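You will see subunit A twice below: alongside subunit B first, and alongside subunit C after that.
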Partner chain A sequence: MLSVYWNLVKHDLKYRSNKNFNWKTFRFWTYVYCILFIIGVFGVFTYGSFHWKINLTTIWYFLWILPFFTFGMAIGKLKDEFKNGTYGWWLTLPYPRLTLILAKLSACAIQVVQIIIGIFVLITVLGGYISFLSPEGSMDRFVNFVKVGLTWNVIVILFVPIMLSLGLVVGVLVQSSLKPFLGFFWLLWGLFWVFFNVFGTKDNFGFFQSFFQTNPIRLETITTILTSWILSFLILILMAKVLEKYIKL
Partner chain B sequence: MPFLLEIQNLRKTYKSKKALDGVSFSVKEKSCFGLLGPNGAGKSTTMKILTGVLTSDGGSINMFGKDARKNRKAILQHIGYVPQDIVLYEKLSAYDNLVFFGKCYGLDGDVLKERINDVLKQTGLSDRAKDTVKSYSGGMKRRINIAAALLHKPKLLILDEPTVGIDPQSRNHIFDMIRSLKEQGTTMIYSTHYMEEVEALCDEIAIIDNGEVVTQGTLDYLFTEYGRKAVYMESKTNFPTEKLTGIEAVHSHHQGLIIETAAPVDLMEQIIHISKEQKILLHHLEIEKPSLESVFLSLTGKTLRD
Partner chain C sequence: MIETIIKCEHATKKFGDRFALNDLNLEIPKGKVIGILGENGVGKSTLFRVLVGLTRLDQGKITVLGEQPNIKLNANIAYLPDRASWYQDQTVRKAFEFGVKLLPHFNIERAKQFASLMNLDLDMKVSSMSKGQESRLMLTMCMSRNVPLIILDEPFSGIDGTSREHIIESMIDYMSDREVTILMTTHEIYEAEGLLDYAIFLDKGHVLIADEAENLRREHGSLHDLSRKLYR
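This part shows the complex of A and B:
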């Protein structure tokens, strides 16, 4: 059973399933944009190191993009199976739906963690570069920068399951007769972000801002992460049921 | 022969449309069972329910002596499914596709290698196994798709319109494969809207229309019970059909007439007699061979191609 599960995970990691998509061109342009982006970022920060005062830790705000990226990735992973016409076979595999979607999300999670580690290394190099160039730079400042980054990266990784599960909700509902509930989901999604960003919990900051601007390692964080994991699992079970009972083909 | 599959009163509704309205049929072990019906009749929905892709709204499925609802996982391990759309990963070679599909069914190592070689031989594609699927013709892809469904030696092979859009060579190869599988004792359900295929391959047939099985039986049974009994004739001059007795209907067909009757031999005798009497030259006279088309027409009032 475990070997079958890993076979499915490896397959999702290794092979792009969308046969109509030109991955060669996509990869080429991805590399081009990444290189341009890196050159641009290093260029701006080289100039900035000499002319501006840079608060190093704010560079980690870049991590904000990752939960949304993770969310989109989960939608895409499921969508590919339907777009490629392989869902008919995929759903006939003699395993529970929960196993099938869990394999997909595991593949997503591995890819996301790889990306997060890549970004961490890149931003750390950038931080080191700025510390080296800036007159205010010091080893202590750089070490603190890495510590903050490491903490935030780990926290983002720990929130990956809930973002994947929420992406799965969209991916599954779109293919089911419960599609009308998607509007309700987006409404909740919007309210969730508004609530945590607009209504502050401390010093007039929104929850997420205060979260990143104060020490994130606290009971509140651990409780939130644990709750998110439980919620993720419940969502997975629910979506497995939807995929079983309400799939629209 | 015991039944491998028994379906009772299967129902499925999409929004307000009844896709299956009480479908019932049974499939004998080691037989090739044809599910014949026009597009939209409910064949694919039935297949999808049998393979666990969809759940039914009601009714029961008993497969391998077990309730399919309660034993989904155990049952699916003994089913090979060839869906209507080709399900292969185009960028992989046929061999790598088969490795992936085999592993999904728990095969590994030497057993998997052996099975892959076996199914490649069965499909006649051993020499192209290392080529990417992208370079295959539609028929070759279909054959590999069948090979993938056979890897785990299923007790029941379900084929959903496997010859749609493929070349005659691959079609013949698929037919040979099905015949050979039948000889080996594999039970098959073959869904199609091509009557010739059902006639050539299947031992028993269920005709499905508007989400209902209108009849089920062997070809002989269907022809005897529902087949049109008729005589086909062609003559140089107009034939006085009004002089014939015991006829049920007359239709123009090609250059001649199809005359329906309950007693075709008597009718032929009458035609020969009148022809001699009125010196009418007959070009063609034969008892019409019963066809599934006529069975379908007599049961549903429409042709399969409508």
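This part shows the complex of A and C:
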């Protein structure tokens, strides 16, 4: 079963689009926009390092985009099977539904981690560049910047499973006869973020900033991560059942 | 006594107010090529989806190879879904590798032989194939499995008339030395006539006629003529 699982993961790691999608054009424009974005960011920070007082670690706030990106990626991975007309092949593979979706989420997780590492390297280079340019730049400042980034990258990676499984909820429910429950999910999702922002706010800096300024490796963080893993697994089991019994074709 | 491979007892499936299968009672004989025939919306694809466990019955019972449809049973069933596509990033060769790794009882040698009969180049990418070529690849993926039951939902859709004849000849040739039951739907009754040993005509989710194709031909001239009479 392990070899089947791994073969499924390898199969799901491939990026897929439908026949009408112009992959070459998409790739070309993605590269163009990425290069322009990187040039823009470096340009702004080059100017900024001479005229503003830059708190380097704030650059890592960018990482908060990643959990949402991960969530969307999980939805897309499932949606692709239905959009591309391959769901019939996928759902009639003679393996437990849990194996099928676990393989999809594992493939997603591998891709997300690759992206996180890529972003980490890019931001580290940017941080090093600013440290080098800035009059108050020092090696200690740069090392501290990398340490903060490394810690938060690892924490974001540890929350990848829960974001993937929440994406899976949307991806599966939308194709099932339980679709009306999606409204309930979005309501909970909205309430969670309200709670997260309102109750997480500390001092005058806001939740994210206070998080970055304190040591994140605390008992609450570890407990939250472990709870999120257990919750992810329970969601996986539940969605495997939905995929088996309530899928609407 | 005829051995059955599929048995439906009062099988009922509703979508909203519409019956897709309406108290369907049916016994499908083993080792033949069976055509499930009828107009659009008579329940052919729904029946197939129930057989492979993609859809659940509201009432009644179906047994396939002696068991109720379930995921594990699909190891012994090759299923070509209706309106399906194959993975666009793969070549024919990669598709066969996928078959070897993930489709139980997939025979790569047979797949290569069948691909050759289907005029499929092993290095051709699915994204550059025509609809007809993609249909041939999907048919090859199903026909290359050593399983007792092959279910083909509209296997000739998107394939031109000349190629269809060629494919049907290949299938007849393929069937000649194998113990397999093929269950298929097709709107191309005229061309598939020679392939079918047994025909089941459905209407509004239940059986209109089910008999040996030879008996039906003797009585009505051809399955094509019978179909025209039934659905006039």
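Operating definition for what follows: the second predicted complex is superposed on the first by the 231 of 249 C-alpha atoms of A that agree within 3 Å, B and C clash if a C-alpha of one lies under 4 Å from a C-alpha of the other, contacts with A are read in each partner's own complex, and residues count from 1 in each chain.
One rule holds for everything that comes next: a contact is a pair of C-beta atoms (placed from the backbone, for glycine too) under 8 Å apart; a residue touches a chain by one contact, two chains touch by 3 or more.
None of these values were measured; they are calculated from a predicted model.
Colleague: Put the two structures on top of each other at subunit A: do subunit B and subunit C fit, or clash?
Modeller: Overlaying the two structures gives a clash between subunit B and subunit C.
Colleague: Report for A:P180: first if it touches subunit B alone, second if subunit C alone, otherwise both or neither.
Modeller: Touch partners of A:P180: none, neither subunit B nor subunit C.
Colleague: By the touch definition at the top of the document, which applies to A:Y95: first (subunit B), second (subunit C), both, or neither?
Modeller: Once the two structures are laid over each other on A, A:Y95 reaches both partners.
Colleague: Applying the touch criterion given at the start, work out whether A:P135 contacts subunit B, subunit C, both or neither, answering first, second, both or neither.
Modeller: Once the two structures are laid over each other on A, A:P135 reaches no partner at all.
Colleague: Name the contact category of A:V4: first (subunit B only), second (subunit C only), both, or neither.
Modeller: Both partners, subunit B and subunit C.
Colleague: Pick one for A:L249: touches subunit B only (first), subunit C only (second), both, or neither.
Modeller: Touch partners of A:L249: subunit B and subunit C.
Colleague: Subunit B: which of 22-30, 238-246 or 274-282 bumps into subunit C?
Modeller: Answer for the clashing stretch of subunit B: 22-30.
Colleague: Find the residues of subunit A that appear in the contact set with subunit B and again in the contact set with subunit C.
Modeller: 3-4, 7-8, 11, 15-17, 19, 85-89, 91-96, 244-245, 247, 249
Colleague: Can you list the subunit B residues touching subunit A in their complex?
Modeller: Spelled out, the residues of subunit B in touch with subunit A are 14-15, 48, 51-55, 72-77, 79, 81, 83-87, 89-92, 100, 103-106, 108.
Colleague: Applying the document's contact rule, which stretches of subunit A touch subunit B when the two form their complex?
Modeller: 1, 3-4, 7-8, 11, 15-17, 19, 85-89, 91-96, 177, 244-245, 247-249
Colleague: Which bits of subunit A are touching subunit C when the two form their complex?
Modeller: Per the stated touch rule, the residues are 3-4, 7-8, 11, 14-19, 84-89, 91-97, 244-245, 247, 249.
Colleague: What residues on subunit C touch subunit A, complex-wise?
Modeller: On the subunit C side, the touching residues are 49, 52-56, 71-75, 77, 79, 81-89, 98, 101-104, 127.
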